[in-house]
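If you scroll down you'll find the structure; I have some questions about it.
Letters A, B, C, D, E, F and G name the chains as they come in the text, with residue numbers starting at 1 for each one.
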Amino acid sequence: MNLKPLQDRILVQRVEEETKTKGGIIIPDTAKEKPAEGKIVAVGIGKLDKDGNRIALEVKVGDRVLFGKYSGTEVKIEGEEYLIMREDDVLGIIE
Amino acid sequence: MNLKPLQDRILVQRVEEETKTKGGIIIPDTAKEKPAEGKIVAVGIGKLDKDGNRIALEVKVGDRVLFGKYSGTEVKIEGEEYLIMREDDVLGIIE
Amino acid sequence: MNLKPLQDRILVQRVEEETKTKGGIIIPDTAKEKPAEGKIVAVGIGKLDKDGNRIALEVKVGDRVLFGKYSGTEVKIEGEEYLIMREDDVLGIIE
Amino acid sequence: MNLKPLQDRILVQRVEEETKTKGGIIIPDTAKEKPAEGKIVAVGIGKLDKDGNRIALEVKVGDRVLFGKYSGTEVKIEGEEYLIMREDDVLGIIE
Amino acid sequence: MNLKPLQDRILVQRVEEETKTKGGIIIPDTAKEKPAEGKIVAVGIGKLDKDGNRIALEVKVGDRVLFGKYSGTEVKIEGEEYLIMREDDVLGIIE
Amino acid sequence: MNLKPLQDRILVQRVEEETKTKGGIIIPDTAKEKPAEGKIVAVGIGKLDKDGNRIALEVKVGDRVLFGKYSGTEVKIEGEEYLIMREDDVLGIIE
Amino acid sequence: MNLKPLQDRILVQRVEEETKTKGGIIIPDTAKEKPAEGKIVAVGIGKLDKDGNRIALEVKVGDRVLFGKYSGTEVKIEGEEYLIMREDDVLGIIE
C-alpha cells in the first residue's frame, strides 16, 4: 500500500535523533532539540498558481529534511508511522 | 437520492478502520490512530480560478483517501452516513 | 412581497426534516442530524470577479440543498420563515 | 444638509417594523425578528477594482433593503436617525 | 509647522458637535451621538495599486466628514489637536 | 557601524518631545501626547510589487516623522538608541 | 553536514552580544537589549512570485544581521546552534 500526498503535501518518515550528545552521554527524551529530522518518501504534484500551472516542489523523494517537532499529521501505513505535512513545514534540506 | 457536492467539496463514505493491531490484538476505540480513511462517492465541479476557469479536482470518485478524523460535516442520506468535506481536507490518496 | 438576495446570496426555505428514523420510530428534536435541508426560492446575480464579470451561481431556484444547521440569517417574509445565506454555505444539491 | 457616503457605503433610513403579528397581536420589542428593514437614501460611488475602475453598487437610492439588526453605524442628521453601512451588509432588496 | 500624511491617510480637525438638541436643551457629554464630525486639513498622496499607480483619494482638503468617534490617532501640532486617520475610516462627506 | 534596514523598513532616531506645554508649564512624563516624533537616519530599498519592481519609499533620510508611540523595535547602535519600523508605521512627515 | 534552507529561509549563527555597557560595566543577562545579532551561514533560493519567478533574497551568506530575539527556530548541527528564520524576520544588515 502506498500513499500519494495531495497538492504540496509530502510524506515523511521520521529519523530517530540520536540521543547521545557530542561527548557520548545519553540524554533523556525531553532534553532533545526541538526540530525533528526525516526522510521524504512521497511528494505531491504541487499547488496550482494563479494561471493554473503546478508549482514544482523544492524537495524530492529521498531528501533528508528538518521540520518543526509538531508539524504534520501522523499516519500509520502497514504498521509504519509517517507524517504528512506541507512542503512549507520543511525548514531545510540536510546535505 | 443523490447528493452533488458544490465547488471543491467531495462526498466521502468512511471506511471503518480495522481495530486490530498488526499482531492481531483488538484495540479499543480510543487507541486508534488519528487520520481516518474513506472512499469518495461524489465530487464537485471544482472552484473557479481568477480567470473564471474551473480548477479540476485532484481526486475522483472511487479514490480511497486519508483525511483528518474531525474533517468535514456528517450527513445522512437514506440512512447511510457520509462526510462532506473540501478537497483540501484530504491528506493523500491510498494506492 | 419578494426578496432579491444580493451578490452570491440565496434565499432558502427550510424543509422540515422527518423526525422518523428509517424504522419509523419518532426521534426527539435533539437527536436529529446536523445539516439542514432546504429549497432555494431566490438567488442573487453573483459576485464580481477581478475583471468585473459576474460569477454565475452553481445553484438555482428550485434546487433542494443541504447546509449547516446554523448557516444563514433568518428572515420572515409575510409570516413565512426563510434563511438568507451565501452560496458557499451550501454543502451540496440533493438530486 | 446631506451626507455623501464614501466608496461602497450606503445611507439607510430604518423602517420601523410593524410590531403586530399576522393575527394582529402586538408583540413586545424583544420578540421582533432579527434582520431590520430600511430605505436607501444615499449611495457611494463604489469601490475601485484592481484595474482602477469603480465597481457600481447593486443597490440604488430608494431601494427597500433587509440588513442585519446590528449592521452599520448610527448617524443623526438634522435630528433624523440614519445608518451608514457597506453594501455588503445588505442581505437583499425587497421588491 | 505642517504635517503631511502618508499614503491614504488624512489629517482631520475635529468639529465640536453642538451639545444642544433640536429643541435647544443642552445635553451632557456622554449623551452625544457616536460618529464625530471633522474638517480635513491635509491629505496623503494615496496608496499604490498593484500596477504602481497612486489611487487618488475620494476626499480633499476642506471636506467636512463624519467618522467613527474612536477612529484615528490624536496628534497635537502647535497646541492644536488633530486626528490622523485612513480615508477608509471616513463614513461620508457632509454637503 | 551602520544599519541598513531591509525592504520597507526605516531606522528612526527618536526626538525627545518637549515636556513643556504651550504656556511653559512642565508636565510629567505620563501626560505627554501619544504619537512620538523622530528623524529618519536610514531607509530600506522598498518592497517588491507583484511584477518584481521595488516600490520606492515615500519617506527619505532626514525626514522628521510622527509615528505611534509603541511602533517599531528598539535597537542600540554604538550606545545610541534607534527604532526600526516599517514605513507604514509612519503617520506623517513634519514639514 | 550542511543545511540548505527552503524558499526565503536563512540559516543564522547567533553572535553573542557583548555583556558590557559602553562604560565597561558587565550587565546581567536579563538587562541586554531586545534584538539579537547574527551571521548568515546559508540562504534559500527565494520564494516564487505570482508569475513563477524566484524572488532573490536581499541578504546573502556572510551578512551580519539584526533580528528579533525570539525570531526563528533553533537547530543544532554537529553540536553547533543555529537559527532558521525567514528573511522577513531580519530587521537590518549591519555594515
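By our rule, a contact is a pair of C-beta atoms (placed from the backbone, for glycine too) under 8 Å apart; a residue touches a chain by one contact, two chains touch by 3 or more.
Remember, predicted model here, so these are calculated numbers, not experimental data.
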Chains touching both subunit E and subunit F, listed by label: none
Gap in Å, rounded to a whole number, between the CA centres of subunit F and subunit C: 52
Intercentroid distance (Cα basis), subunit F paired with subunit A, Å: 42
Residue numbers of subunit G (touch at least two other chains): 50-51
Traversal of the chain ring from subunit C via subunit D: C, D, E, F, G, A, B
Touching residues on subunit C, where the partner in the complex is subunit B: 22, 33-35, 49-51, 53, 55, 58-59, 66, 68, 87-88, 90-95
Contact set on subunit B toward subunit C in their complex: 1-7, 9, 11, 42, 44-45, 48, 50-52, 73-76, 78-79, 84
